[in-house]
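The structures considered in this document are given below.
Common to both upcoming complexes is chain A, partnered first by chain B, then by chain C.
After this line comes the complex of A and B, so read on.
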C-alpha cells in the first residue's frame, strides 16, 4: 500500500465517489456446462454495461470471489482495469468462507479509500449459488447481519435453479428476501444490476436501490 | 421505452404535433425533441398529479426567459387535453457529472479548457441562478446532473427546474454533497428551503467546478458524501488553520492557488456555515481570474499531483497529513499578505500599487551584472504592464460581457480598487442616477 502503482494512481486522480461491488459466485461442480458459461457471459455483460456509462465507469469497482474452491479471483479495481477472470466449475460449495473472503476484501478496499481521501457509497455484495453450502455459514451470517444493520453493506442473494437453498441465502442477506433467478437469465440480471449500481453513482432523485426487479426473477 | 408516452401531444398554441424519440430518460419521465429549439418533458403517469401541474402553472406565470435556464414555456397535453408534461427550450451540452467532474472526460470533452474557463463557468452559473432568485425562485436541487456545459463556458444551462422551490411549492429532492447539513436525512417534500441552504449548495458546486469533481468535505478518513458533510470537517488550510486530512491528488495544489479571499469564503461556507452573497463570490472569483491571467498561479485544470502514497489509517490525525508539498509554498510577494513567515529579503514598495515586494540579493546581483535597473513594480504590476490581454467580465446589471484592458486593470490595481463589476454604460448610468 506504500507504492504508487496503477490502482493507487486512480485513487489519487479520480475524485468520483466509488461504488464497490463484490460478486461472490458459485463455481461448484453442479454449475458445470451451461450455467457457468451463462454466468461468465453475464459478468461480461455487467462490465460492458457499466463501462458504457461515464459516471458508473468512474465509480464502480469490481471484485470477484469464486467458490469452490474459495478464491479471490479479482480484487477490487476499477471496472476497466483488467480482464475479467475466466470461470471454471469444479469444486464444492464453501459459501461461508467465500462471503468472509469478500467482506475482508471489502474492508481492505475501504481502508484504501480512506487512506486516499476517496469518497465511497455503501458497497454491494451479490451472492449467487445453485445449491447448499458445504461449510458453516454461521460466522458469515453474523457478520453480514451486523454490517447490513449498520448500513455498511447491501447484500443481494440470488438462487440459481431449483437446488438453491433460499433459506440459507436469507440468513446471509441481513433481511433482504432472496430471489431465484428465472432459468439462466444471468444477462438480464446483470443488466439490471448495472443499471441499479449506476443509479447509486449518479445524481438521480428517487429510490436508489432497486424496486422489485423485472423479468429475470421467478415470482 | 415508456409505454405511457404518447406519440402525439398538443399545446394551446401548437395544436396537435408529433413527438420525437426520447432524448433522455430519468426517474420522473422522458425528454423528447419537438423541434430544433424546443423539447418536451413527459412525466411518468404516477408523476402526473394535480399539484405537479399547479406548480407548472405557477412557473409558467413567472416570466423567466434566460438562455441559461431551461424554464417551462408551455404546458404539454395529450389528445384529450389532459396535462402530461411541459415544453422547454432545448439545451445543448453535457452534464457536469459526466464532463467537468470526471478528469478524463474533462480533458477529452472540454479540450483546451484552462482554469479560466472553469472560473467563467462558475460566474455564468451564479448569474443564471441570480435570475431565478430575483423572481423569488430557489433552484433547490443543485447537482452535477442538472447543469449542462458546452465548450463555451458562458453557455451553461440549468435543467430540471421543475423541481425548484417556487411560491408554496417545495423542492422534494436533494443530492449530497450539495445538501446543506441540516437537510440531510430529512424528508425534503416537507421542508421550506432557505437562502442559506441554496447558498451552501452553490458554494459546493463552485468548489467542485474549480476543484474538478472533488467534494469539499472529501478528506482522508472520510466515508460517503453525506457522512462527510455531516462531519463538518473541511480539510483545506487557511491563514488561521493548518491543513488537516487534505486528500492526495491535485486538489491541495489547486486550493493553494486560490486568492486568500476565495479561500476565506469557502472556509466560511464549509466550516462556519456562513455563506456570503453573490456580489462577494463574483469579486472573489474575479480576483482569482486575475491571478490566473497574470501567471500568479497555474492555468492547468488538473495540475499533476505530486508523487505521494496514500497514508495508513494510523497516520490521519497526528499531524502527518500534509501530503501535498505545494501546500507549504509561501505565497509570492506582493499579495495583500500579512503575518506568517516571510523570506528575510528587503521589501521595496511598488511604484504603481504601493504594496511591498522582495528582490533577493541574487536577483539584484543579476540585474546589476546586466547593467539593468532593478524592477520598480511588483510582479503583478509588471505582468499587467507587459500583457495586453483584456479581462472579460459579465456586467452585474445587464449581464452583457465587457472587457477590461490591461491598462485599465493596472489603473484599478494601483488605486487599490477592486475591478469593476458593471459594464461602462451601466457604470455611467449609476453615476448619473438619483
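After this line comes the complex of A and C, so read on.
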C-alpha cells in the first residue's frame, strides 16, 4: 500500500490575526509627578504582560497617542518592535484631537492589514484622562459613536482621579460606561488590559469574549 | 474513475485546553448521479454549535436524495442549503433553545458529471482545481473582523449565501477557518501543496487510505498550527488532470 505523508512544505503559513490597541493617554500638566510616573510604569507592565503571552505577543499591535500636546508617540507595531515612548507631563488637554488622531492611525493600519491579507480583530481604543478637554470633542464624539455602533472599534474610557469628567468620557465611548481608576492603580489596569487582549487574540469566529472583571476600578 | 471524496475533522488545541469537543463536522454522500461533501463549523460560543454543525451537514446531504434529477445543480445546492437551515432551526425548537445557540456555518460541494456546485454560508474557504491549477472559489462570508461570522440559522443566511457552479473542475476542497490557516495563503490566494498531493493520491490509492492520511497525519499537522478546530473535505476527479484543457467539453457541448 502507498502511504501519504505531509511535511511543513506541504502547508502554508498565514500571519497571526492582529489586535490593534491604541492607548490615548492624557499627559497634560495636571498629570505631573506620581500620575505620569505610574502611567508610564503601567504601560510597561502592559508591554511585558503581552510579550509573555505566546499568542498575544504575535497578535497585539500597540499605538500610543499622547495629548498635551497631541502626538502619535508610537505608531502601530508589534509589542516588541519598538521601545515605548517616554511620557512627560506638559501642556493642556486636547482630548478631541487626540481621539481623532488615534482613529486616523487605526484606519490607516487597518488598510495596511487588508492590503497585506492580514486578518484583524475589532480594534481597541483606550482613553485615559485626569481632567476635562480643552478642545472641542464634538467631532471625536460623533466619529467614535458611529464607529462603536458599527462595531468597528471598542472604546474603553478610563478616568484618573476625582478631576476626570466621566460625562465627557461617556460621549467618547459610544455607550460603554466610563470607569474611574481606583487611586493610581495603573499597573492593575494594564494587567487587566493585557489579559483581556490575550483573550481576544485567541478567540475564534463566533466566539463571545468575556473580559475579566475590572478589579482596578472604583465601585 | 468518477468523483471521489474524503473528509475529516480534528479538535483544536484551544478546545483541548477548554475541555470541549470538536465543533467542526464533515460528511460525504453518494447518491447517483451526485457525489457531495459538506463541512460545518459550529460556533464555540453557541451552546450546541457542534450538534448544529452535525445536523446541518447530515440534512444538506440527505436532501440530495430527494431532488428531482432534471433540476439545475445550483437549484439543488440551494435546496440542500435550505434543508440544512431547516434542520438547524428544528434542532433549536427540539432543544427549546434560542436559534443563536445553534450557531454553525456550512459549506457544501455537489458534483454531477462535470459540474460542481458550491454553497457557502459563514466563514471557511472553498478552493478548486481546474486545468490551470488551484484557485480560490469562495472566501469567508463574515464580518470585517477575525472573530465575526454569519451563521446558517440567521434570518438572512440564505439571502447572503454564496452559490456557485463551475464546469471542468478536477477537485474542490472545503476548509474550515482552522484548516484554511495552513492550507490557503490569504495574501496571495495560494493553495497549499497538501491538497494537490491528496488529489493526486486519489488516482492511485484507495479513498479510505487517503482519508486515513487526512484524518491522521494532515490533521495532526494542522492542529499544531492553530488553536481552532480543523476540518477538511475534498472532492476530486483525478483523471481530469490528464485531460488537455482544449479537449475538455464545454457546457454547451453537453
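Methods note: the second predicted complex is superposed on the first by the 194 of 219 C-alpha atoms of A that agree within 3 Å, B and C clash if a C-alpha of one lies under 4 Å from a C-alpha of the other, contacts with A are read in each partner's own complex, and residues count from 1 in each chain.
Heads up, the rule we're going with is that contacts are C-beta pairs under 8 Å (C-beta built on N, C-alpha and C of every residue); 3 or more make two chains touch, one makes a residue touch a chain.
None of the values given here were measured: they were computed from a predicted structure.
When both complexes are overlaid on chain A, the residue A:120 reaches chain B and chain C alike.
Within the superposed three-chain model, A:58 lies in touch with chain B and out of touch with chain C [touch as defined at top].
When the two complexes are overlaid on their common chain A, residue A:111 makes contact with chain B while staying clear of chain C. In the superposed model, A:88 makes contact with neither chain B nor chain C. Of the two partner chains, both chain B and chain C are touched by A:202. In the superposition on chain A, the residues of chain A touched by chain B in one structure and by chain C in the other are 1-4, 8, 11-15, 17, 55, 116-122, 202-206.
Those residues of chain A that touch chain B in the shared complex are 1-4, 8, 11-17, 54-55, 58, 111-112, 114-122, 202-206. Chain contact summary for the complex, chain B toward chain A: residues 26-28, 97-98, 101-105, 141, 143-146, 163, 172-173, 175, 212-215, 218-225, 228, 235, 245-251, 302, 305, 307-313, 316. Against chain C, the residues of chain A that register as touching in their complex are 1-6, 8-15, 17, 55, 116-122, 151-152, 200, 202-209. Looking at the complex, you find that chain C touches chain A at residues 12, 14, 41, 43-46, 49, 103, 105, 122-123, 140, 142-149, 151, 177-178, 181-188, 190-194, 197-198, 201, 204-205, 209-210, 213, 217-218, 221-222, 225, 227-228.
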